[in-house]
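In the two complexes that follow, subunit A is the common piece, with subunit B as its partner first and subunit C second.
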Partner chain A sequence: MLSYLIRRLLLLIPTMIGATALIFFVMELSPVSVTNTLLSREGNVLPGARKAREEYLNRRYGLNNPPVVRYFKWLNGISPVGVKEAGEGFPGAWRFGFKTPDLGDSFPQSKKVSEIILDALPVTLLLQAISIPIAYGIAIWTGIFTARHRGKIQDIATGSGLLALWSLPVIWVSVMLIGFFANKHYFPWFPTGELHEPQSTEWTFLPGNGTRGWLLDTAWHLILPVVCLTYANFAYLSKLTRAALLDTLGADFVRTARAKGLGERVVLYRHAFRNSLLPLITVFASLLPVMITGSVVVEKVFSINGTGRMIIDSMLAKDTELFLSVSTITLLLQLVGYLLADFAYVLADPRVSYE
Partner chain B sequence: MSEGGPPDNPTVGRPPGGASGPAEPAHGTVLAGASIAYEPGAVDRAATAVGGGGALPPPKRRAYLQQVVYDTFQNLRARFASGWIVLLMFLACFAPFLASSHPLLVKVDGKWSSPFVQHLGPADVVLPCVFVTGVVLLARRRLGMGQGVLLLIWVAAVTSVFAAGPDFYTALEAAGEGRGPVAGAWRLLARSPVLTALWYLTWVGMVAFAIVAALRWLPRRTAGVTAAILTPLCALLIVFPLRPPENVVYEQYRVLQAQGKTEFMLRTIVPYSPTDRLRDDPDARLTGPSAAHWAGTDAYGADLLSRMIHGCRIALAIGFIATGIEVLIGVFVGGLMGYFAGTIDLIGMRLIEIIEAIPRLVLLIAVTAAYGRNLYMMMAIIGLLGWTGDARFVRAEFLKLRKQDFVQAAVASGLPLRSILFRHMLPNGVTPVLVSASFGVASAILLESTLSFLGLGLVDEPSWGAMLEQARSGGAGFNWWIATFPGLLIFLTVFAYNLIGESVRDALDPKLLKRE
Partner chain C sequence: MENRFGVKDLFMFGLMVVLIVMVGLSMRQFDRQWQDVQEIKKQNSQLTSEVATIRSQIESGAVTVGGGNAAGPRALPAREMPVFAGLVGAEQKPDFSRGDWLIDNFGTKVGRLTPLVSSDLYQQWIESRVCECLATRDPDKLDFVPLLAESWEIKDYSDKFEAYAAPLRKRGLSPEQFTEEIKKDPKAPLALEIVFKIRRGVTFSDGTPLTAEDVKFTFDWIMNPDVNAARARAYMTNFKEAVVDNSHQVTFRFTEPTFNTFETIGTQVILSKKFYSRFTPQQYNDKVGLLIGTGPYRLSDPENWGPGRGVELVRNERYWGIKPTFDRLIWRELEDESAEIVTFGNGEMDIFACQPEQYEKLLKDERIVKMSQHLQYPSPLNGYTYIGWNQKRKDTAGVERPTPFADKRVRQAMTLLIDRERIAKEVYLGYATVASGPFDPASPQTDPAVKPWPYDEAKAKALLAQAGFADKNGDGVIDGPDGKPFRFKLSYPSGSATYQRVVFFLKDSFAKAGVTMEPEPLDWPVLIDRLKKSQFDSCSLGWGGVVESDPYQIFHSSQIAGEGDNRTAYANKDLDAQIELARRTVDDAKRMELWHAVHRTLHDDQPYTFLFNRPSLVFINGRVKNVGVTKLGLNYLRLYPNPSPWYVPRAAQRYTK
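And then the complex of A and B:
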């Protein structure tokens, strides 16, 4: 198990360097420059002053260096092991060793990247932390239901319905939901966006004082975005559950269990179900990175300031540091997902071992 | 058929019950490449089934790929889905014939003219021709499946060449500064040699590919017919490129008609072009469905139905071309990885992991934000980042195939690598790619609409996703018709491709076949 884990970790390093390098150089090739973005924000200055200002900004942000140098500087910055100032980190006297990873600064926003990400990340994580368990819960139930009624009308109808649900574009669903259910001309049941009412900061946590309270308010705002985030995952996961369960139900040990007279429920839940969990776990591993990027559309439509919107904004402002950092976090989450999945395999299925 | 059939046809025997699945594609294999005795007419009947007929009893033996496609279209849902896609293709190919502001035929002051013809672009001419050719070929049922697929690739190549036509000539003219396109070509070459050379190479390569593919892969008679239709057309378009006037006046005939000056006027079914902003009728902005505008108008006054019809082109072009790139790269890389295994496989898997680690939507946003909104760029990016799924499929198949007897026999008889990989292994290992390809088309269409929805898509071109975005940002609250119709179109198209993808997967799965 340990050697397997170490191999996984080591293999991740080239993957991460490759992916971040690809993103860096794609952004580097573009004609947009962050200096110009900053200058245009400053407004009109005299031509000579503009030139001097441009040079100053380039020097200040290290943009005079060739792209390769800048990439490796950034890579050294985020790495926990690397070149550092003497006097910090682990062997203190050396100029090379362990140090605190630094995600760098966002030039257009004049802030530390880690601060920006920490602002946006909890919002997205909240959305996903609600929608993923819901998706899994309903999916497992539907999957079992369809697998039990295999080939019958329930199965075929649900199967087509789930595929249709999976094919529904989130851009359409979100627009329709917000258009019909958050609209005073149709059904004004839900708020049109954001996560809280502006005045909710003054409210108590639970309902009281004639207000609905912070918690209920947030839940009310979350309903539509969570529906948009959930339905596609749910459809996909139920199809997966059904396929996995059907696979297991055809196995010999299930026949044996039935032959020795076990009830249908026991066969299904104690014998078959646990053995069909592996594909669901695998998908969960790939859902973790989706947590960061997956809600780009939903956050845009519902005006929620999470990582999804941050990605678009950082892209448009050519905020290389911010964008690279988000990508790195996505990659790391993927690793965490894979590792968690590997552990979960062992828990779910005793036959799996990494020795 | 075994005599005249192309050597690329997969020739794996398959027992009638269809018991061999993807796990054992070469079950009951004879040396691939050596021809198995086809039942006469079997291929023709398979082609019938693909064409939507399928009333004939299933023949006993088919190549594996053909069997899978046959099984796929036994499924009623897959037939409906493909019907929908054929309808979209029809709309895409004949878009200007269905929706155009320019009258087909008009008589003003005793003079007959056809503004419609004057405003046709190259794609407007070539696409209908290709569509008609395709229908004729299918109706005559002379094509096997491999040839049918190649015809599709060929069609894609031809259309992409001519879709780029007007841009190409405009750029050449601009560079020539009034001295004609030839002078422009030289000047462009002198200005930025590498890029321009690449550009010319792509251009010449695509034309050459189209011609070579037609001669090499189509049956002689079909190639003759196709060439007879398309060659003079291509020649005409290259020598005298169709260039619709740059400043298009949409409303002139509407105005003339309102003044009662037209003696005769024949219009298309939807008498509005997709970029016709109805400047003669400022009140027409954001109106719901009515007799004049069946699907309403958008925020700038353009007719929504017309934009939806013309939008089919972008959606289908993105879907097919991006997926074509995906499949080509995926099959090639995956095949090499699977055949060589070992170090090449390890490196390839790392490459796949790197590419899969980057969310496609995010990189697409990066590229469009940096390089501007360009349809070809989008296709290329979607294709260049989407091949990993196909590569995984092909790799897995090739890993299984490489130790099989017929491959070993091919190696032992000293065949060149090209032949082993593409003649012997590929026909037996490429079938699972059908699954990822049809899901790939769906996801490419979705990606394009999402990008357009986020405001990073094409400017001014009718894209379904961009239309959808206007439902909210068009002002005046929520415009239900703009939300409903284009959204429904995206959904149905994606659904259709997913349905086909799923029934291919069912057809590939031996466990599901056992049920019957």
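And then the complex of A and C:
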């Protein structure tokens, strides 16, 4: 088990280097230079000043270095082991050793990449942390329900309903939800976007003083985005649960369990269900990076400043450092997610073992 | 084996989770209280120091009744200042009331509020509420009126300077080289001096009084090469020094006469020396939320604003002028168009600026029309759209070749082939007027005698034939002097449906006359790159505007090489001379004559086909009263620090407790 783990962890390193190099050099191939996009936003600059500004940007961010040098600089920055500033990290006197990984600076925003990510991340994490358990909960429940009623009218009705949900594009649904459920002229039940009412800054935290309070206000603002994030996911997950459960219910050991005279509930929950969890775990592993990247569409439509919007903006501004850092984190989570899934199999299924 | 996870465990687990969540929540609440306490402490200390200052002033006898401690004539009271005329007028209305909040929308994320280093328009919306400048434009007369300045005096030494500079001018230097030469020569006479008397009794929102030191600091800070303020610096190439004469008077000295010097200095927002000098230039460049000023509103925390939270300004209770009407100004960051419309319809957003199609659609929506007021108004800030005809195209190897557009007659013919009136009517639904040149029609720079070229296909064909472009083989397609069909590409930014329709319309118009135009939609950064490398035939874009714009960067031939904005390689020696002369003429009336000549030359040369000046279209919530239009746009000026006369009658207030 341990040797397997170590092997998998070591394999992470070349995978990461390969993937980040690919992203970096593909971005480098684009005909647009980051100084260009910066300068074009500044408009109205006299030629001399523009030249000076371009030189300043190139000097400050080392853009004159060849791409290979810049890539290795960046790689050295994010690596916990490498060339370091004198006196920093361990061992103190050496130029080479352990140090704090640094994601670098974003040029277009002239800010530390880690700060930018930390600004946007909590919002996305909050949304995902609410929507993923809900999606899983509903999916497992409907999955079991439809599997139990296989072929009956309940199954077919739920099945078509889920298929319909799955096919609805999120962008359309979110715009419709805003148009009907946030509109004073139809059902003004929800807010149209963002995470707080403008007034909420003066409210107390919990309900009181005739206001609903900051906490409830946030929850209220989260409802529509969470619905949009959830519905497509659970449609897919519940189909998956149903298929896996039906597969197990047809297995010999289930027949044996029934033959022993066990009750239907015991057969379903204790014997069949646990064995059909594997595909759900696999899917969860691939959902882990989504927790970070968020959903661009939902964040855009509901004007939420999460990571999805941040990533798109970084791509448009050719913000290589930011984009590369987010990709690295996502990639790392994806790989770690698969690793975790592999180990979760052991817990869910006694037949799996890495000894 | 029997060590199962039972109901009891589940209960305990649930209890733990609830406990952890509660602790987290109470920490958060504690944090909010702590912030409030900090805020109160800060205000308290500011108040204490203010009281101490007042006491020491009273004891030293510096303050007399009426506040008239200034030497010389007393300054105009705020109530009589022209800037506040609109607000004073509003106060006379029977239903006038202060209070309520005004909610505006950015339509994008705001990343930076620090003055000078930020480059977006949205930052300026906020800056112009929080900070003030020495002078501002009167929105109706378009001349400059005092704000933080009591008065000013412009000492124009142009005649003496020109006598000295005449031999230098004959050397045929580019304007940049000329500036360098002048700066190098210690014997060069001063060209211009502006003396500003600063208003007394003005304080920044943290309580520190505004003095001449702050004004000097602001301009020294801009000129500091380590401060990332290239944009502001670019307009101050002739700046020599700012000298503090006494606590409330500053003299600015300039090495060259330049037409917009007064505007540059007068409309620069004044920074607080006490607040900003605590930071090194590097820290200043990197911090995103440093904003403090003397204006009617303030950020509740002038140091630690961060992006992602929208922007909220509260009333500056220390404001020296007439108290503004709204308690708070809020900017949301709604990006999605449908969300914007719904939010506006719900009354949760007060200003909605829209595109022609949206405007038409909303006008048909009875519910929206009933709860709101709508306006369309021209504004010089909207600028103009154009088609630029590239006269020298570079191929990928960098070899330069003249294009057919190097011939003036071809450019004129192109303009004649475009039925701009029809595009304005059909694509912009009438919300556009045909432009005749680069200056705003309402600006005194425009020569009213210049009328836009008409749509005239026959005349265009005749001009093309003179230039050697005619249908030589009778296939209905116009051939160039080399016998090949005349065809060119039009590059334009992709992503806008309106633009797309204009371009298709153009394609049709040209095809009718036998000229083939290929539309080439490009991503914005790619388009910029092509323009920079001169790899395009023609391009359709727009320029933003100001009241008095400077055609130098766009049309002067020195701006073709390097990084200038003369991307279409247009060169005309006469125009160069006209522009240079106008730029160094400080006298307004004389200069306007010179701008008129520039306008006429550009009209005849058609380096661009000037397309349209487009009005702003806006819907405003009905509870806001006293909405009107000035020559600069709405009477709530988003880009100028002029006080707004808008108010909400007491009964209609939405956010007042």
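As a convention for this text, the second predicted complex is superposed on the first by the 350 of 355 C-alpha atoms of A that agree within 3 Å, B and C clash if a C-alpha of one lies under 4 Å from a C-alpha of the other, contacts with A are read in each partner's own complex, and residues count from 1 in each chain.
Here, a contact is a pair of C-beta atoms (placed from the backbone, for glycine too) under 8 Å apart; a residue touches a chain by one contact, two chains touch by 3 or more.
Computed from a predicted structure; not experimentally measured.
Enquirer: Determine, for the superposed arrangement built on subunit A, whether subunit B and subunit C clash or fit.
Expert: clash
Enquirer: Can A:179 be said to touch subunit B (first), subunit C (second), both, or neither?
Expert: both
Enquirer: After lining up the shared chain so the two structures overlap, which partner does A:289 touch, if you call subunit B first and subunit C second: first, second, both or neither?
Expert: The first partner, subunit B, only.
Enquirer: Contact-wise, after the overlay, does A:330 reach subunit B, subunit C, both or neither (first, second, both, neither)?
Expert: first
Enquirer: Have a look at where A:104 lands relative to subunit B and subunit C in the superposition and call it first, second, both or neither.
Expert: Neither partner.
Enquirer: Is A:198 touching anything from subunit B or subunit C once the two structures are fitted on A? First, second, both or neither.
Expert: Touch status of A:198: second partner only.
Enquirer: When the two structures are overlaid on chain A, which partner does A:119 contact: first (subunit B), second (subunit C), both, or neither?
Expert: second
Enquirer: Does the superposition put A:26 against subunit B (first), subunit C (second), both, or neither?
Expert: After superposing on A, A:26 lies in contact with subunit B but is clear of subunit C.
Enquirer: Just checking: does A:164 make contact with subunit B only, subunit C only, both, or neither of them? Give me first, second, both or neither.
Expert: First partner only.
Enquirer: Looking at A:143, would you say it contacts subunit B, subunit C, both, or neither? Reply first, second, both or neither.
Expert: The answer is neither, since A:143 touches no partner chain.
Enquirer: Considering only the stretches 77-85, 95-103, 473-481 or 491-499 of subunit B, report the one that runs into subunit C.
Expert: Given the superposition on chain A, subunit B and subunit C clash at 473-481.
Enquirer: Subunit A residues touched by both subunit B and subunit C?
Expert: Touching subunit B and subunit C on subunit A: residues 31-32, 175, 178-179, 183, 185, 300-301, 316, 318.
Enquirer: Which of the residues in subunit B come into contact with subunit A in the complex?
Expert: So the residues of subunit B touching subunit A come out as 77, 350-351, 353-355, 357-359, 361-363, 365-367, 369-371, 442, 446, 449-450, 453-454, 465, 468-469, 471-472, 477-478, 480, 483-484, 487-488, 490-491, 494-495, 498-499, 502, 511, 515.
Enquirer: Help me check something: in the complex, which residues belonging to subunit C touch subunit A?
Expert: Against subunit A, the touching part of subunit C is residues 25, 28-29, 32, 101, 103, 109, 111-112, 119-120, 176, 228, 230-231, 233-235, 237, 285-286, 288, 306-308, 310, 312, 330, 332-336, 338-339, 342-343, 345-348, 367, 524-526, 528-529, 532, 544, 553, 559, 562-564, 655.
Enquirer: Using the touch rule from the top, collect the residues of subunit A that touch subunit C in their complex.
Expert: Against subunit C, the touching part of subunit A is residues 31-33, 36-37, 40-54, 56, 109-111, 119-120, 123, 175, 178-179, 182-185, 188, 191-194, 198-199, 201, 205-206, 214-215, 300-303, 305, 309, 313, 316, 318.
Enquirer: Going by the contact rule set out above, which residues of subunit A touch subunit B in the complex?
Expert: Against subunit B, subunit A makes touches at 11, 14-16, 18-19, 22-23, 26-27, 29-32, 151, 160, 163-164, 166-172, 175-176, 178-180, 183, 185-186, 246-247, 250, 289-290, 293, 296-297, 300-301, 311-312, 315-316, 318, 323, 327, 330-331, 334.
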